[in-house]
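Multiple structures follow.
Here chain A shows up in two complexes: once beside chain B, once beside chain C.
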Partner chain A sequence: MAKETGWERNSDPLGIWEHRGKVAMVGRGHSTTDRRWDGESMDKTLGAYSLVAAQNAMEDAGISPDEVDGIISSAGGQANGQPLGEVWAPRPYFDPPYDSEDGLSHVTAEWLAKQLDLKNVTYMNSHGDTVWNLIGQAAQAIGDGRATVCLVTYPNGNMAGRYHQESSLEASGNAQWSSPWGWGLSGQGFTFDQYCRKYGSNHDRMAPFIVQEHKNGRLWPYSYYALHEPEPFTEEDYLNGRMIAKGLSIFDCDRPVQAAACYVVTTAERAKDMKQKPVYILDHTESAFRPRSLVQTLDDTEEWTDIQAKRAYAGSGLTPDDIDLFSPYDGFAVFTQYFLEAFEWRGVKRGDAHDFYAGDISLEGPNPLNAGGGNMGTGRMRTVFITDSMEQLQGRAGPRQVKGKAEIAVTIGVLPGNAGCLVFSSTPD
Partner chain B sequence: MPRPIPVPDATSKPFWDACNEKRLIVQHCTYCDRKQFPPEPECRECGWHFHLSWLETSGRGTIVGYSVTYESRIQAWHPEQPFNNVIIALEEDPVINFHSNLPGVPVDEVPVGATVEVEFLEVTDGQLIPEWRVVS
Partner chain C sequence: MAHIDEYIEKRTVTMAILLSFDIDGTLEFGEPPGGVTKEMVQRAHDLGFIVGSCSDRALSSQRAIWKQLDVPFAFVKAKHQLGTVKGEFPADAYYHIGDRDTDVQVAEQAEFGFWWDHEAVSEPWLDL
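== the complex of A and B ==
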């Protein structure tokens, strides 16, 4: 199925979203979280986990499969529609429904609709966008009337081996401009280096943020760490992290995992009759940018994130003071500071992020940044940003429930250069 | 050390050919008066290709920042770890960047802000790539 286009809200200047408060998130469902798929257990494939997540989400919302008329899935969680890790082929496939790549290393909406026996689906989309964009797309489709009750599934898989490894000695395509000089994750290190030079900081000053994220993530039942490595992560652990590139240690990189999540997105009207308190969507915006030259510089990064913040505030009609919970993506931990400073949450301006990290960013305090723990505290499933925002606004975040007000939540991801931003509210206005 | 060798395509071939003549060139849109690197089929500003030409650069620049790679995903680079990854801004248009490993400069002792000059490094028979050395 072709990817739907033209739904994005990305042209400036943006006005208030025409469906502001008329679309809501209700249910959320997760599978458990593993480090990898072992290649044998058929109840632990990415497809099996997506089915579990979808069933949990429907049960959470109190709806039956027959009520679902829309489904959007991210095939593999990656922009190119490909799986994040290795694919299963060329090994022999299993019996149906695992007789192709679909259901193993990626999961399409078509596969899910068939397995879940969704009889009334009229709106379906599968592609590789990340969860923020998928929910933005679902919100727009529902607001426009193309669907009424839409499942949004986001699988993120991990098989054996290290991925993104490059053995070729031929640098073609984009690689001709980078691989001859061994450029890779040094890109994140370079931008961070520019940041530290411009504003006077250093890598160690990231520690309080990463430690807090791990602390929050240990309180989320689906976190890889809560499930498999519950012992606390300390500042000493962080400072001793092995460097991947200068400015980027192993603890600034998220841990790939095998997990799936699903959300029920519907009209504000229908949401009233469902089992959970609706979380209203006040706005969705999308953004994609390219570096001006060879690499993403700090100037590029600040320009892009400024535009993202401007769009989100223009589209929702809110100001930084209105945001109770802010959850910017952290897949490379350094991303968070660029988003945080652009959105000026809690008055944080350019260059202030590391000072802010040194203050009180705990769940109990006034500045609960990434209350769910982000990817650093949960693993690379990228869904805690959505689930935690929902649960905080619904007042069911349990031990993670912030002490302060929880009425407006904003989350943005996945990259400064390519992101979706969602504004959630506990009331429709 | 064997390292990944650039494979020229239709758009990039003039750049790599010029490297082999020890000239550093970038695209220039005469309509927008805008330099462009890496090369693309069209000018990113006006979207047209017929105003694009190639312009020889000064071959001078400034070090704007760097990182050090400890664990590369590119296997050919593993024996060289750790190594400098330096970004150069072109003197006449600092928006235009180039990569460098700054040969001869010890790891993590990169003089950010220093002026550099292009030189060319033969990475395989018949293919030079731009490299840079500190001049002040």
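== the complex of A and C ==
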């Protein structure tokens, strides 16, 4: 599984993307969404769900498997093909095609091509990354002529048991300072605490945003909550959440789920003949940063997201006023405000996000932030950011369809420190 | 069931006992499902125990679970709020049932007795 490098657009200053408007997304497919894989039901493995998602995406786009000549997969949902959840081993594997980790806790492009009997695939990549980066990689590959019709699959797994438990009794190097505080979260709590102190805010002021995300997410048919916990999530719910770190509650953290999604990315020319209205990709940019010290600070976060916004605007040729739909990642809900303020969507400046949340961010109003509901409203599958952006621009978001204009959508994720940004348009120019 | 029938026959309610159930991994309608069934919870309620839930689930989600159980409940609380139950429901004894270390922690902090989910399937509260 070779890792392809050099495709990222991350060298400043960036110019307009050379393939702006010449690549399009057409189809999307999803599996159903479970809380976990039970370890027994072979029709509910991550591989089985990825097959369902791929078949649904091809059907949605109106193409046959023989038309596919490229597959890009994030085998496990994270960078370098790492799984988001736990792996199956050392437990014994099953009969083929589930006789290895491939198909269980991660799903490579190679595995998918074999199971789907995709005979004409000439471009395959499983080195893996988050879904924003994968779409960016596919866009670049299509634009560069390395494939014409590319499937981009994104599996997100969750095994039985607890999630991201630190099994080691020892911590060396930098981990000695961070591991005692738990996986990842303490750092985000620290940054959020800095934010609140700097701008005079507090955790409870996140409530309108989280409640709205849940409301939006209940309208997305693949949302874990729409499927399994459809009752409305209220401000009372949010304000009573157990604190996980200072300033961060359990309801600021996305819920791990088991699901898969797939997208059809192709040339703008080829897209014209497909079943759905094309969503044109105006730009993709990527970025990766390292904190100055052991823990990411607010200064780091604001500097990084400022660079990301600058790249996105430079690469697409757009301004904040051009964006109709903005969908910044929220895996930890506090991420969203950093992106929102950096991109200055709807004029939101540093420190203004919580005031903005207190206004009208509904689907019916002028500022439909994260119209799909984000991870908070759908579960930790990350794909609603892509699917909702597509569907809004295609005018087929159903009850989530925003009332305002839906011609330009921007989404960015996952981390302030490591993200891909995508700019979509309903027209190629 | 003989044990339960015998208990029900002999029991005279002299103490107010409150049972707090965790949901996920504890109740059969949790995710993952636990071993404590609707029948067990219903029986506790019918015998005069004060029953409710204390879980990391959203309060609205907890209420939905109780609706699914179709058992009258006295309270729903976020897990870290277990201690507040004492102020709202005077009782002679308080117990929390759960499947995680967090459940043990909150029970100890709130000075509740504690049963693990696997212990709870034998309905130890019937022996109180």
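What we mean here is this: the second predicted complex is superposed on the first by the 418 of 429 C-alpha atoms of A that agree within 3 Å, B and C clash if a C-alpha of one lies under 4 Å from a C-alpha of the other, contacts with A are read in each partner's own complex, and residues count from 1 in each chain.
Just so we're on the same page, a residue touches a chain if its C-beta (ideal position, glycine included) is under 8 Å from a C-beta of that chain, and two chains touch if they have at least 3 such contacts.
The structure displayed is predicted, hence computed values, not measured ones.
*Asks:* Let me test your reading of the model: by the given contact rule, A:175 touches which partner, first (chain B), second (chain C), both or neither?
*Replies:* first
*Asks:* For A:193, select first, second, both or neither according to whether it touches chain B, chain C, the two together, or no partner.
*Replies:* Only chain B is touched by A:193; chain C is not.
*Asks:* Which chain, chain B or chain C, ends up touching more residues of chain A in the combined arrangement?
*Replies:* B
*Asks:* Touching A:160 in the superposition: chain B (first), chain C (second), both, neither?
*Replies:* Once the two structures are laid over each other on A, A:160 reaches chain C alone.
*Asks:* Is A:243 touching anything from chain B or chain C once the two structures are fitted on A? First, second, both or neither.
*Replies:* A:243 contacts both chain B and chain C.
*Asks:* Figure out whether A:36 sits in contact with chain B (first) or chain C (second), or with both, or with neither.
*Replies:* Only chain C is touched by A:36; chain B is not.
*Asks:* In the overlaid three-chain picture, which partner chain does A:231 touch, first (chain B) or second (chain C), both, or neither?
*Replies:* second
*Asks:* If we overlay the two complexes on their shared chain A, which of chain B and chain C does A:251 touch? Say first, second, both or neither.
*Replies:* After superposition on chain A, A:251 lies in contact with chain C alone.
*Asks:* Which residues of chain A are in contact with chain B in one complex and with chain C in the other?
*Replies:* After superposing on chain A, chain A residues 242-243 contact both chain B and chain C.
*Asks:* In their shared complex, at which residues does chain A touch chain C?
*Replies:* Residue list for chain A touching chain C: 35-36, 160, 228-229, 231-234, 236-238, 240-243, 250-251.
*Asks:* Quick check: in the complex, which residue numbers of chain C touch chain A?
*Replies:* Residues 31-32, 56, 58-61, 63-64, 78-81 of chain C touch chain A in their complex.
*Asks:* Quick one: which bits of chain B touch chain A in the complex? Just the residue numbers, please.
*Replies:* Going by the criterion above, the answer is residues 2-9, 12, 37-38, 44, 64-77, 80, 83, 85, 87, 95-101, 108, 112, 123, 129.
*Asks:* Contact residues on chain A for chain B in the complex?
*Replies:* It is residues 162, 164-173, 175-190, 192-194, 197, 242-248, 290, 292-295, 297 of chain A that touch chain B.
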